[in-house]
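After this come two complexes, each holding chain A, first together with chain B and then together with chain C.
Showing the complex of A and B:
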């Protein structure tokens, strides 16, 4: 277990390093910096802008800045936002809470909907529920979250329901985007488990109905779904950033987009790092659950 | 009590009061408020305003962005302010000011007995401290440049508790206008941070409300990250209405953050917001025809101070850098080439198609909103492709059989206009210009770039042919744009930072601008700046196109709503805004 955990943590650390370096490099490659706009104020002299750039270390080479930022990040200091002139951790904390709240509620709702519909569809393959969900999955898969969010904003603007900028609007835009993939995988896993020889044997012994599904089929189908558990949360988080910006939910999304547009380097790098850390945590949680559930993973090779 | 006893008691009282005041080293606390004649309304209620972006700081030294400035301006006040309607400088925290010493010495008398929003008195020491902070080179506040006159920071001295003397190194015309938006800071709260070098970090959004105090109509009550910023009425505000009641009328002012102009408008339409400002013509037209906005006050305040223009890159390329661009620059450098381009642009079409008619066509950088400084003598030539062709032919250009414009060496005239992709109006303007110039045989590509990427090209790398830009002066006075018109200026966009003026007309502009800056006779200044405008119109280094109208909307019951042409467009008179009787007095629910 310790070796398994150590290997996974090493993978996570490497991922965080790569993501942070990549994010920093991309932000650095984009032309201009935060103070470029200030230079367009005819009343502000170029020397004043240079003083401000120096205060935030923007006059230093990018590698030196990245090194200093990474060294501080290891100690939990994600730098200072140039725009807000305050520590990035202070800036992120309340917003990250809201983003996790939104992603968490949407995640639970999408799993509940996906599992319920997948069970109903898998119990009667080819039935009207199965056909209906297949149609729904196809429809939702081809509608990007961004478009769905924009359509819901339009409805909210026209009718006042759900409220513009409210939590329910953001959830309504986010959860349907995550559910179809889960539904499709859950249905496939349940169908596969339902056709397994041990299930046939159980049926032959007269076991049926709810007991067959709860005791035999569902545990057998759990394995692939557990793998999806962590990944789906991470996927939802990335969708959250865009949906928040469109629906006006005050999470990390609007801050991140604004930081990109204004070249607030340390906020961009910090959000990249936190998102990667959440992805790694989701994967690690899924790995640990699989380790606990599946004896084949525990067996030394 | 006999009359002798009464007189004795009175004398003792006066003696006691006098000695107490002397002991405290202060004058009696008579509050010299400013009474606003003609202003009368009802107190109470709140106003919700959706901003496009969240403010970044509450620190007046470092609030660069529009949202921060909008909030900071409601929390603080200046010695002298520019009246947003008349565009004239008026005393604010200053009761009066006199100018002496040949235009170099300003003696400013402060209103006595004023208090910061935390109840602490405002004195000359706060003024001296504020200027010390703004002028500190190590802090690097952008306002520092405004306060450097003749190469030296203005010198601010305390004369007595209610008087300061401000001395300039050289005479500077209308120097009083420099003090607009230089908020007075509370020394009692910020001096320690200044001394220990942490002033730049003070008054972040997360600061405790008790740690922030100002002289504006409101004070901080609550900040919820990413969501809202709530201000409450400053009980010590120094303005009163015609009936002597202390302003502001509204109990609270709540800023919420929408993320985009469209979202601002939708929140207004849904009844979440009491007003919306800085709208584009498209949204203004949408509100005008939207039944749910019926009854709302839709105000077109006319053209603002923003001027949108096309300019060509005349910055000499380093040797061997880009030979093809150097060829194109040889065309752009010809006055007749630029004049021909200007003549071919259909400004009326831009106004009609880009701004839905809510803009003014421009032939110079001073917009009609700046009534004091606009030069009526600047010609407004009608669009003429024929005239433009004549100018091009006179400058050595000709047309190939396929009607392409070519230069004397037979090279096709082809160039790219860069513009900001996030500014839809300017992108559409570029497309119209592209079409207009095709009628002269020019092949023009339009390259919408991300805003900062465009700035980088125009101001740093100079790898561009032509660009469409917009500038909105922070003041109506020409001194605010010195950096644009002086050939050595960093914002002399077409050829910034010249060691010596590269043309005779730029040399003359430099001379006129420098002279008007120190000229105290307004008539003389006007004549000098008129000449600058005429030189700009004659040589067209910037081809001015249009100035959009200032458009705003408010709910029907919001009184004294009077948008101005200078920022902040709608909240400049927030101390006078009030809800009429019978209206929902929150501004945060119900339809407009």
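Showing the complex of A and C:
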């Protein structure tokens, strides 16, 4: 167990480093910085701009900046937002809470819908639930969640349903965006498990009906689905970026887009780091769950 | 089935898979209570299909005609719930692949408990599972909480036997249960099967004549979906009357020179390409003109041969 955990943790740390370095590099490569426009303004003294840049460390070479920023990040200091003139952590904390709430609720709802429908579809392949969900999945897969969100906002505005706040609109755009892929995977996993030789063997022992599904098929199918838990959460998080902006939910999304537009350097880097941390945590949780579920991982012979 | 000793009967059974393959092509025989009958034949001749038909386990797409009866009642006419009750306590199935028969995530005791649920007194499932494990020489303490991947092939087949026997079946269909085992583990398993199965009829499927000579009382030889010869094991295997049986036996023995195993020339018909007349005729060293024209009379499970040589 300790060995397994150590390996997974090392894996998570490596992922975190790679993604944060990547985000930092991308932010670095983007032309100009927060003060780029100021510099072209004839009324502003060039020396004053340089002083400002130095104040935020923007004059230092990128590698040194990354090193200093990571060293501070380890201590929980993610730098300062130039636009808001406040610590990034303070700026991010309430918004991250709201984004996690949105992604979390959408995640739970999409999994519940996907699992329920996949169960019903897989128990009667070719039946009306199966055909209906297959059609729905194909239809939903071609609609980007951004479009869905925009449509929902439009409909809500037109019909004047004021109670339907940004949150429910955002969930209504996110969950149907995430559920189809989950449903497709869950159905495939269930059908594969249902066709496994040990299920035929169980049938030959006279085990059937609900018990066969609950004790044999579902647990066997859960295994491939667990790896999707973390991934689907990461997918939802990236979906929140645009959906929040469209529906006006004050999460990380609007802040991030704003930061990119204005090159608010440390905000961009911090969001990248937090996203990587969430992804790593999701993967770690999935690994631990697999460990708990599968004796072949827990006890290699 | 008026005969009180009859346990299961197959009459004119035909099974065709959706690809057009007639895997079983008119088979008739009777299993008696407590007997050990061997089913001998090359790979692909339809042995597994026949066993699956007996247990009502064929895939839905398979087209079945003819009759399968267990204790005088047709298998075909039973509902899914009746079939479920029949499987396990009526008919047990011992599969060929050791690892394939077990759920990878459940321990052995749990899987035996699931198999005896509703078949032993309520609350006695766990005890029954442990007794069954001990009966095949697997200590319940050591192996009850083990997962399938931790056992050897021989241990797994014994565990599977424990699972089958725990439900007290009247008929055991053993589909090449030792094909994946070495000679030692094979002897151990079959000793246990024949010993523990006392009272139950056993259909022992194999492609090895020597295995059946040792363990079966009666042998039925199958070729291309049909029985070509059947009778007491000693009679069929010592004095084969059908050229196919003779050829099969010759395969098991080293040929005179060089110690190489002999092979039957040619191959069994596949797919829809069933020849006119006797299916074995194209490969038969003793074929006559009539063999390629008309089918020899069918065998009916007793001491019989389906061959024009025998008719003459």
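In this text, the second predicted complex is superposed on the first by the 274 of 301 C-alpha atoms of A that agree within 3 Å, B and C clash if a C-alpha of one lies under 4 Å from a C-alpha of the other, contacts with A are read in each partner's own complex, and residues count from 1 in each chain.
In the analysis below, contacts are C-beta pairs under 8 Å (C-beta built on N, C-alpha and C of every residue); 3 or more make two chains touch, one makes a residue touch a chain.
Owing to the predicted nature of the structure, the values given are computational and were not obtained by experimental measurement.
In the superposed model, A:41 makes contact with chain B only, not with chain C.
By the touch criterion defined above, A:250 reaches chain B but does not reach chain C. Once the two complexes are overlaid on the shared chain, A:30 sits against chain B while remaining clear of chain C. Comparing chain C and chain B on the residues of chain A they touch gives the larger count to B. By the touch criterion defined above, A:238 reaches neither chain B nor chain C. Applying the stated contact rule after C-alpha superposition, one finds that A:52 touches chain B and leaves chain C untouched.
Look at A:197: by the touch rule set out above, it reaches chain C but stays clear of chain B.
By the document's definition of touching, of the two partners only chain C reaches A:211; chain B does not. Chain A residues in contact with chain B (one complex) as well as with chain C (other complex) do not exist. By the touch rule above, chain B contacts chain A in their complex via residues 53-54, 56-57, 59, 62, 64-65, 137, 140-142, 144-146, 148, 200-201, 204-206, 224-227, 256-259, 263, 266-267, 269-270, 272, 422, 450-453, 455-457, 459-461, 471, 473-475, 480-484, 489-491. Those residues of chain A that touch chain B in the shared complex are 30-33, 36-49, 51-52, 55, 83-86, 90-91, 94-95, 98, 153, 157, 160, 164-165, 245, 248, 250-251, 254-255, 258, 261-263.
Only residues 55, 57, 80, 84-89, 92-93, 95, 97, 100-107, 114-115, 117-119, 147, 149-150, 163-164, 167 of chain C touch chain A when the two sit together in their complex. Interface residues of chain A, counted against chain C in their complex, comprise 197-198, 200-209, 211, 215-216, 219-220, 223, 293-296, 299, 301.
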